[in-house]
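Below: the structure, in structure tokens.
Think of it as A, B and C in the order they're written, each chain with its own count starting at 1.
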């Protein structure tokens, strides 16, 4: 079904079609260029999707009945730090280290923000608990569209363990009732060193418990220790909110002390400052939205070429828009700003598709246009990430959720 | 009475050799740049003229601040004694025109509700970071008006974003007046409109009384003026029938123009249709009131509406009135549908275009200070490339009454030229050099601040500025604030 | 119900006295219209009350002149039931010290002589469900009480749970602004969060939806005490949930642990996805009271739920002193498209069913308590007045100036 909108009117909520409006289960998308994020771009190619999956990708027009056309096609974008769908009630603050708690029961799939992400081309996000705890819990990868239920949206429940370094976990903390602090154990951290101490102790306890055996411990604590040990075994990445140099360093020191193979720093505005250290540690990096003045949280300075620097180090790089309300600051635009800072196009594409997918272990389903993967496909009216281009069509799980033919009426 | 215009003209003459730049990095380049009155040749692999087809391998000759020749390198005669700027790898483009801003003022707003006698020249800070940033983003003409938190604002001015004093910067002194229909802080819409209407009523009553007194006692007005220390000369000593298309005060020709109170004179200029008005509407509901006030007082023809994005809902009224608009804020109007709870986005320039309204985009929004970016985003959402470029060059030039001077690269126009590393709308394009009226005022190679922003390398010897937290295109807090307006009604 | 806890029965004076009297019809009422409660309207119907209960209802019942007889030129219906309120609790509807208090019984805070109870009676409400607020994860056991005579229909109606934001933010501390450290349940000797809540620290556990889910799931996975009865399906639940995702979560929880009962809150229950989740869970919904600024979506939810076959009842929470709000809410639902017959059921029979007391009250049928109202006209016409209210067969209220 085509909704012809009045010229120039892009009523987002209308343009995002209901499932019933586009219940086709097969589409052929033709484009001047197909950017697969898995190899070289294909000029004059097609992507065929069937039953929610990608059935073929290649040159030539492809065959099939329901044809969509666009200037360019890319995989759906993935944001590892979209910061939507949760509130401050996503974090269990009766403890500092809620490693065993999963965020999935705290996600509001009815929030209007999902649709905003979807129509701007973000088809999957990592949802993390808020950073009020030092270890907030297990983050999950979910799709941004489909029925608002956990079953329909969930891609991977325990995709990463969320932690935070810096001022956020200690913000607002005081000693109890104005009394002098008698012991470190009985209050929440109030400084960076307190935060770091809590984080190290959590890992220390988990390792000690494994050596001693955990027969007597509370089941929650056993589960918590096991989650932490999984991160040490490399079965689970840790994604740490760390913006300023000192916090990125703390993350690196922890990684090295406890031998955590997969550590991702989120925020990471100052990742450009100590490239050697970064390279030595082999971190994954998620960058915050571009700032014209360079100044971000924690007084960190976010140089415009930060993405290019990280990419040159050969580190996994992902970009984030932090769920921007402003259409000029969403994830497609972030990729453009990174290019302005020197990031090559192919790396920019990877940083919003296959890199984030790999970083949280969902690249078997998401992140590139390859046969058998989820049919999350974007249609563009020009070269992706150029400010003059926009996402005009979105397929999610093979369903047309933003119809490019409506935009073509403009 | 000596007008400020005259004073400025005098001071401008004293500053015949205008220093070229306002911040350290450009001072060095200023030394090498041609002094005013001299010649400059600009070479570019491509010239996007905004006045016809692009010129490949082109040349622009600027003499005495104006373009004297433009065309293919093979056809244009280059003065032998002119320095040459540019190269085949660069693209030339006319300087962007900021249709309206309050940036660059030390404080954008006054406490006074009605202050048409104030001059913004007294508030502009020539070393404000904003002007430096203008050059970095290729903005060469800026219309500064008081902020929107007013009823009748002081008199604005058009400047070039270069110079260490206001006199060096000024292009059009005492240009335009901002009038706000949306309520000033602490006012309701009703009191705002009441104060606004009363301002014009007061003017009328004042003029009528003045005429009556003059009739009762010939020479009264001139004597009063003299008593206040104003010696009327020439035109100021002449009376003139009241102009304009709205209400008239009979017998105004009896009053020497110079005898009219300075506090009232700018309002009279507005009613006589001699002063451009920037009429601010903060919501669609303001538009009919704004148009009514403009009609009642005869300044509709000189009005430009400065509109909040939500005013797109009044676009039929705007189109019918035939006034141009400046979009103040984001291009995309985002709101929650009160019934469905879903978020709706309306691309405002698209609506304006469809209704046949002339519009300028401004850089006054959440994500940038840059007009190229605004134009580029508009292309992505459905404007043609030409429409989008016009909205940041030609249309604002026309709104400012400077259509024959700026907005495109043509013989006779001011030599305001950008040299870009690529197409003006490409995301990877940088402003390499900026020429204003034939003088080079910006060179990216010497822009240490740009290097700092790009690579994080703090220029040696520069002090860190006070930290302003500014995360991303918008902060989480700002995002939440924006969203808070349309929170779920789940609790009801 | 739970065998270890004796049921609280009807203790009213009326039934006590009725037991002394000889068997036989004590009151016969004929009304211009008798509305049985299932949509059936009996013109010139007769209701016969015996021993405080309804003996017969019908059209062609001869009047026995030996007994009292009343002719009413108006409408006779069963008394209305407010399915959620804090009536007569004097503000003590919630145990603040802990967020998990399954054994707390709201009935012990109920004052039958409270002025709000009398007002409810005068508005045609003959029974109310008293329940804790949603500020506790497990707030205690609700009760169904009558508005006259102090009768207790059920002292153990549901177990009140809360999936609402309020359960996580109560106790004076917004998450993120703790003064002092909330105890970590995992670090206490017996591991019971219940024992560690904030009587001491000023902050409570849990503070997150995830923590709430874990805590509730733990209690239903290995149930003890009254929770065990709920887990066996003997006692329904009354789950407070407001935002759509909270309601969806509540339905998922109910399905996972095979619970029955109702959701209280859910103003956007008409949303297609919420509706589907509710239908799949078998839970009912208790809506209202509808305020002046209520969105159309929540008014229209009544019709949507009823069309989908989800039982609905109305709450009077927060408006206990304005009991007319119950009927006003119902009328607004009708104006927003709901079927008047179904809406009337929501005020009576379905309300009783959701409170688990449909065998005692809610309809005009023989064997049920003789709780009925004489109206001047159609009760879903706000111009109609309550002329008299009978509870357990006794006249409990008569309008001043009314003919009887």
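What we mean here is this: contacts are C-beta pairs under 8 Å (C-beta built on N, C-alpha and C of every residue); 3 or more make two chains touch, one makes a residue touch a chain.
Nothing here was measured: the structure is a model prediction, and the numbers come from that model.
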Leading chain pair when contacts are tallied as C-beta pairs: A-B
Most widely separated chain from subunit B, with each centre as the mean of CA atoms: C
Centre-most chain [mean C-alpha coordinates]: A
Distance from the mean Cα position of subunit B to that of subunit A, given in whole angstrom: 40
For subunit A paired with subunit C, centre-to-centre distance based on mean C-alpha positions, whole Å: 45
CA centroid of subunit B to CA centroid of subunit C, Å: 64
Subunit A, residues touching no fewer than two other chains: 110-111
Subunit C: positions in contact with at least two other chains: 243-244
Interface hub residues of subunit B, defined as touching at least two other chains: 341, 488
Complex contacts: residues of subunit B adjacent to subunit A: 330-332, 334, 336-337, 340-347, 349-354, 365-369, 373, 376-377, 379-382, 385, 425-428, 452-456, 467-474, 476, 479, 482-483, 486, 488
Subunit C contact footprint on subunit A (complex, rising order): 88-96, 98, 101-111, 129-130, 132, 137, 147-150, 171-177, 186-188, 218-221, 224
Parts of subunit A lying in touch with subunit B, wherever the complex brings them together: 6-14, 83, 110-113, 115-116, 119, 270, 272-273, 288-297, 299, 301, 303-306, 321-329, 333, 336-337, 339-341, 381-382, 385-390, 407, 410
Of subunit C, residues touching subunit A in the complex: 165, 168-169, 174-187, 191, 193, 201-214, 243-245, 248-249, 252, 271, 273-274, 277
